[in-house]
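Below is one structure; the comments refer to it alone.
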Amino acid sequence: MSGSRQRKSDRVGVYICHCGGNISDHVDVEKVRADVERIPGVAVARTNMFMCSDPGQELIIEDLRQGIVDRVVVASCAPSLHEATFRSAIARAGANPYIYEHANIREHVSWVLHGDKATAKAEKLVAAAVGKARLLEPLDPIHVEARRHVTVIGAGIAGMTAARLLADRGLEVVLIEKSPYLGGHAARLDRVAPTGERAADLVSELAEAVLEHAAVTVMTSTRLAGFDGYVGNYDLRVRPVLAGPAEDRNGYVPFHGVVGGNPPELTIKTGAVILATGFRSYRPRRGEYGYGDLAGVVTLPEFIRLFSAAERSGDCLVLDGRTIRSVAMIHCVGSRQIPGIHEEDGDGRLNEYCSRTCCSAVLHAACRIRELFAGTRVHDLYRDIRTYGRGQEELYERASKSGVLFHRFTAEAPPLVEPGDGGETGDFPLRLTVRDGLTFGEEVRMGVDLVVLATGMEAGDIDELVAMMKLPVGTDRFLQEVHPKLAPVETSVAGVFLAGTAQAPMTIGEACNGAAAAAVKAASLLGRGYVELDPFVADVDPALCRGTGDCLQACLADGALEMVEVETEEGAARQARVIAARCLGCGACVAVCPTGAIDLKGWSLKQYEAMVDMIVADIPDNA
Amino acid sequence: MTSGRTITCDALVVGGGIAGLQAALDLADQGFSVVIIESDLSIGGKMIRLSKVFPTLDCSSCITTPKMASAAHHDNITIFTWCELQSLERDNTTVTARVTARPRYVDEEKCIGCRKCEYACPVLVPDPEQGGFSGTKAIRIPFSNAIPQVAALDPEHCMLCGRCARACPTGAVDYLQQPRQFTVTARTAVLATGFEMTSPGDRPQYGNGTIANVITALQMERILAPHGPYNRVLRPMDGMEPDSIAFVQCAGSRDLSMGVPYCSRFCCMYAIKQAMLLSGALPLADIVIYYMDIRAFGKGYEQFYQTAKAMGIQFVKGKVARLQGLEGGTVAVHYEAQEGEGVSVDNHDLVVLSMGVVPHWSPEGICRVSTGADRFIRTVRPSLSPVRTDLEGVFVAGAASGPKDIVDTIAEAGAAAMAASNYLAAVRQQG
Amino acid sequence: MTVVSPEFAEELKEYGDDTALQCFNCGTCVAICPLVDDSFPRRLIRYVQIGARERILASGRDLWKCLHCGLCSRTCPRQADPGEIILGLKRYVLAAWREE
Amino acid sequence: MGEAQQPDQAVKEALKRLRQKRQERIREVAEQVKVQKAELKAIREQLAADGEGATPPRLAEGTGIEVSRVMWYLATLKRYGEVVEGAKDGGWFRYRLANNARQSGGEEQ
Amino acid sequence: MACRDVEGKILILATESCAYPGADSVGQAHSGYPANTYILRVRAPVMFPEHFYLDCFAKGISGIIVMSCGEECPWEGAYKALADRIDRVYRMMREQGLDIRRLRLTAICTVCNRAFLKEVNQMNEIVQELGPPRAQEAGAGDACAEDGAGQGNNQESP
Amino acid sequence: MFDPKIIIDLLAENVRRTGNPFGLSTGSINGWWKGADLPRQGANLLFTGMMYQMVPAINAATGLLGKYEDTPAGDRIRFGRRVPRFLSAAVLKMATAKEDRSAAAGVLMDITRILQASGVDFAYRPELDGYSGILLYDLGDRENFIAHARRVAGRLQEAGVERLITVDPHTTWALRELYPRYTGYRPEVRTYFELARLQGNGDREVTLHDPCFYGRYLELSQVPRTLLAGLGVRCADVNSAGPFTSCCGGPAESVSPALALTVGRRRLAELQATGRPLVTMCPICHANLRRAGADVMDLSALLVRFTRSGENSQKRAE
């Protein structure tokens, strides 16, 4: 693979996309085509309205089949969108998919520039891609044996669902849960909105299934302590979680005792990981709607717990011995926060997203109160009612019919919760004042015994896991998928998938769908017993390697490089060798090799140098 | 395709929209053989007809075409378009589908998609793929990125002049083509039959579809699409660049009086998306969204909504009660300004209706899966397995079981594929 | 500042159908009403919801602008039947006047 | 050729029967095409007359065809490459005939 | 919007997982920036040896922005190795008399639109001020050089 | 706008006293049948509900009230005791236009011709006919409505009437929906056009204005259209028709003639957009649209042309 060995292709095919006007409205695609065709090494340049369409791909396939081209450059949108598309088209033509280079003339050109400048820049980018393409070589994906084994982290609804589905599919599954319990947040619910199913039934059904399944190993009170390996062959070190606040500390822990010895560690050899680590319920700040300061202000999860032990006095609800004549439920607590209006948390963050599930949960609770305790009034204070799902709008209607009274507030003017003063609002312990959009923006006031805060979902406390597994996290702090539509449960770490509310707020049904979608990806990945990896790994040119060992020093992966004794024409010598499945393809070794013996397949230094050469060169122009 | 033949596969997927394609791909990637039957001329469903998609503003066609192409080229997937499902029955472990392939009047095997027939045809007809805003021909490739790229003739508008047949280089035009029957037997089926929009034609408050410059959201998608009818945003009535555009939310949903009491779920987001795209295309235009509740509930949706507000898009709370066509193509929007100002009438150059979402297909008389009061396919385990129908071995994905945005649809399609593959695995063990 | 008294809606049952709380305040009835101007009939329906009895009596006479044409009830998305609510309020107000 | 003769004849017969069967609809479509032809001709002539291009209202005025229909024809002609968009004129764009474009729809070639 | 374009070319080495999609995001937002920028997609900029940068200047590239993933780099340790290398390049640039402001190490995430535009516009101003790269250029190695060094950590969150 | 309480109390008092909101005796306004030789025995009883007969009085009252609404004098009237005197039967009777009275009689006569031509077995017994009380119900005076309705229903029940034919939407709705609910009397109620069976070739186009009660409450708007279609009469409808019909404004005349006129003019503009002759089927709509300036024809006048005796009535109409 050395420069000396390398033959430059002179049959590069260039295919330029109009993108239905997205590109061609700003870039003179025909001029690019004409100019590019004169670049040395370019055999043919063509254009199409949509290169990604079948007829577009057909152009490439035809040219390859006829032997007109042996390297392909497509100039179109961002490579993240269609690189895979064109590689597979090339494969269909019977060629090696890695003879392909992508020029991004939409996001980097036509969407940021106009006129001649756009055309000129597009030409340069295409030229650079041609420069690289001439040096591309056919590569073969790395074939890695994969364990037909999946580890699911988190035994809430999503984790148990994924575990059950994968075990049914014939894979071995380990289900790891930090707490001693299976069931996650669902276990803390009473009934599920809008279906009214008992959460306990759902949790029990799933728990039974995973506990009894021969192919599922359930490990509760267990956490991840180490993460190593690569797709198809991950090694997870797990460790039991001890009761008490200071599991790793030696010495006396007040009120707990002394931790005896180091907890044993276990290594799980697995093929893929599904993260079902769930969410954390938002804790209101002290004083937020009186929370923590005023008795009778509780969060929705706290209310659900109280309500499960509800008593009755006449027609009225009695909680904890207190007769509740009137309840106010406030939506969007800790969700839909707006910079400049809401206070940031300790880390300077705001939850700008909608927590999706609270509207239905509140309405469901409101309906239950009204339907069971006709004497208890319910006020619902909302910003927007978001009953989007099947059966949810009906729940909203049911709440109205059952006599729940709605008030609409804006983020700028949230309801004010104060202690009752026995005045106009009567002998209620709490008094609510809100500028009510439904009452023509006037202030209305009501006396209540209880305020329920519909607290939203926050990303779980999994910083350690995120750091250990190098997981991508979004601005909302939830785990981030690669693309919401193209790869909705995949992470940027191959073989690591997302399930349920670790990714975003979801209902139980949605979390189960997410878990099943993650399971199907894991099943597809591991089903064949092997995985094919991108061949973009380091490669040593034995003709140039002097065995300095600098590359080993620089290597960032454990065991991706080794020194071996080889026989050369000049006798025995030490040379570096790459263990492909371990190589991460970062190229740290490339920079340090004094002889340029090691390079990255598919992304070689020489290719970059060729690209720079094309960028600084003049493009022949007949205009 | 010969008449009456039987195709055997592991899984039948009914519907080749994004839900069906994703379910088929997730099944096929596990090694199962899949047959997709699609009622339209092309796979891709509603999604391929959209401009860009929220909240990423990716071009819809850029996301859909790779999935269409990979399904079309997948070794384990066979696709039949322009088909009608006559019956879908299940007994023991076999699902049997009787299918009618409707005539295209063009031989699928012979057509090379060159469009010569289309150029030759003298009959102009409103193009449904462009919201009716431009003409197409009585014989044509349905749209530029359709799969398959095969022409189809519309017999309602054909005068049998023979020009297309003469122009066709491969002799593919066949005016005498007849419907053909075939049977698909499978072990399991996924229903991914998608949704349809209600029509403004039976909404007297909105002019029964007769007011100029009142269009539906799907028509607006075409106007905004990169290869739309005008390649820019113009009023369909007279080609004027609109200065003021209104979106009417819940124009057919959350409304018992219109027969759709449920929320259509994705209209808020597409209206915001279209508003953003419009404000990009027409920076000086006033854009107003009339709404009851903004339902930006998905990942990144609320932020998308706030961005739209920050861009200057106006959000007016109030359900539009009435539209009125005025002189010169202006449309008057009647609503109640909620802060107590009472009735307001605002004039706009163009009004976009967010119509209700209803099922595209009814299983009645075709398949024994039951539907809910909302006429979408009923799911029997809405929490633990939202893809299960009451017919064993038959699963449902996407908008067939209720309105769903693309993100939720894709996740659910994966879930349906997982459920179907586990069902297949179980059936195999038994068999 | 109005103090909400939800029991008023229940008192009204005596005078007509109990549908006022079904209204989700979309404003369709206001904009469709041939009487135009102001927020009629939603304003009065909202007053029923929050129990603003005094205000209803104060603007009682406006109720008789309603022709009972039924367009609001036909187009009400929640089938809250605004026309009937107004009719019920006419009865309530008339009774109150006659009591005076 | 000789072998193809027989089925060819059968096809002709079948087509004849089909024409018979669809007679009514064919007549209606032919009627529409005639109208389209006339309207397209009027629009083309008006476009040719307005060298700088014409806006849809101007074309509607000049041809007597309803403006929404003019717009529909323009979108169609643009799609088939016969008309191109020109400069903006008030709230509208001007449209003009493309050079050397082939005519589409309503016209024989 | 785009500031005045200059002759000099700016090379941007953008990481595949962060900065390159970040640049895509700028495009999606249709935020304009000068045309003289050439964004190369790299897996990790740690692969480029010192001489690569110097060669680029020699070939006529006026400015280079290394847009890494910063501390969030998927390769543990790569960022430090890169930062160390860039420091060595700065030394070598000084030795050659090149203004070290021509090379800049920064971190851009996938949604860092503003940060991306700021970097590009700043480099453009520098390149405009300095003109084509040449050895022993005025101002090289003096106080303002300090300004460019060690700026690897100005990652901006969106 | 006049004080509703004063008006309602006046109307209630009139109804209680005379069975009629205007205090006019049935005998004094219900003379149309005299000399028509209508059968007194039959399977269906024609029940006019007095609405058509009241139109002359309504027109007179509205005219008088309209002069004083929102004027300083009106202000006095609104709160003064003069209103009852003002609306007294004598004044009204004097102000009643003669042509109005004969027009009302004509409509009812036409309806009997239509019924006869359709072969409907019907009877008319003036002593059983009467006002339904609907205005009291619409104005919110439920008690007085119920009291009156029970009297009317009692009379009909006593006479053993089980099947009624009605001629206007308000009475139809009152008898179909309100009487069963408030009086327990559940007759079979059908409008005359539901029973009409006519033949003919009209070949013309008209625009129907659906009254709120037929279009929306009773959902009967398809019935006259089907009937007319069978007679070769096409309907050029406006958008606001059938269940979405716009109010003519008529019902407001008792409290605000000005409002009634505003609403009526707006509706008329909608209807006139079709450029076709306007047809109504409700005396209130008819009167109010005429007041708004329209040339309107009652459905019965259109239908009667397709009866054997239609020729005569057509002549008369001209």
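Note that the chains are named A, B, C, D, E and F in the order they appear, and that numbering of residues resets to 1 at the start of each chain.
The working rule: a contact is a pair of C-beta atoms (placed from the backbone, for glycine too) under 8 Å apart; a residue touches a chain by one contact, two chains touch by 3 or more.
Remember, it's a predicted structure, so these values are computed and weren't measured experimentally.
S.K.: Are the chains other than subunit B still all joined, and if not, how do they split up?
M.R.: Components, subunit B removed in thought: A, C, E, F | D.
S.K.: Using the contact definition stated above, find the chains touching both subunit A and subunit C.
M.R.: Touching subunit A as well as subunit C, we find B.
S.K.: Using the touch definition from the top, how many steps at minimum link subunit B to subunit D?
M.R.: The fewest touching-chain steps linking subunit B to subunit D number 1.
S.K.: Any idea which chain sits dead centre by C-alpha averages?
M.R.: Central chain is B.
S.K.: Return the chain pair with more inter-chain C-beta contacts, choosing between B-F and C-F.
M.R.: Spelling it out, more C-beta pairs touch across C-F than across the other pair.
S.K.: Which chain's mean C-alpha position is the greatest distance from subunit E's?
M.R.: Farthest by centroid: F.
S.K.: Can you compute the centre-to-centre distance for subunit A and subunit E, using the mean CA position of each chain? Integer Å is fine.
M.R.: 29
S.K.: In whole angstrom, what separates the CA-based centres of subunit D and subunit F?
M.R.: From the centre of subunit D to the centre of subunit F is 55 Å.
S.K.: For subunit A and subunit D, what's the span in angstrom between their mean Cα positions?
M.R.: Taking the mean C-alpha position of each chain, the two centres sit 51 Å apart.
S.K.: Can you tell me which residues of subunit F touch two or more of the remaining chains?
M.R.: In subunit F, 244 touch at least two other chains.
S.K.: Counting only residues that touch at least 2 other chains, which ones in subunit D make the list?
M.R.: Touching at least two other chains: none.
S.K.: Do you know which subunit B residues sit against two or more other chains?
M.R.: 56, 58, 205, 231, 254, 338, 340
S.K.: Which part of subunit B faces subunit A closely enough to touch in the complex?
M.R.: So the residues of subunit B in touch with subunit A come to 26, 29-31, 53, 55-56, 58-59, 61-63, 65-66, 69-70, 72-73, 113, 144-145, 147-149, 225-227, 231, 254, 261-263, 265, 293-303, 306, 317, 338-340, 372, 374, 376, 382-387, 401-402, 406-408, 410-415, 417-419, 421-422, 425-426.
S.K.: Where on subunit F is subunit C touching in the complex?
M.R.: 1, 3-5, 8, 138-142, 212-213, 216-217, 243-247, 249-252, 255-256, 259, 263, 266-267
S.K.: Mind listing the subunit C positions that touch subunit A in their complex?
M.R.: Touching subunit A from subunit C are residues 1-4, 6, 9, 21-25, 39, 43, 46, 49-50, 78.
S.K.: For a test of understanding, state which residues of subunit E touch subunit A in their complex under the given definition.
M.R.: Touch residues, subunit E against subunit A: 2, 5, 9, 11, 17, 21, 23-24, 26-28, 30-33, 35, 38-44, 46-50, 52, 55-56, 59-61, 74-78, 81, 85, 111, 157-158.
S.K.: Tell me, which parts of subunit A touch subunit B in their complex?
M.R.: Residues 19-22, 25, 49-50, 52-55, 57, 77, 81-82, 84-85, 88-89, 92, 157, 161, 165, 168-170, 192, 195, 197, 202, 205-206, 335-336, 338, 352-354, 356, 384-394, 397, 437-438, 440-442, 474-476, 478, 483-486, 488-489, 503-504, 507-510, 512-521, 523-524, 527-528 of subunit A touch subunit B in their complex.
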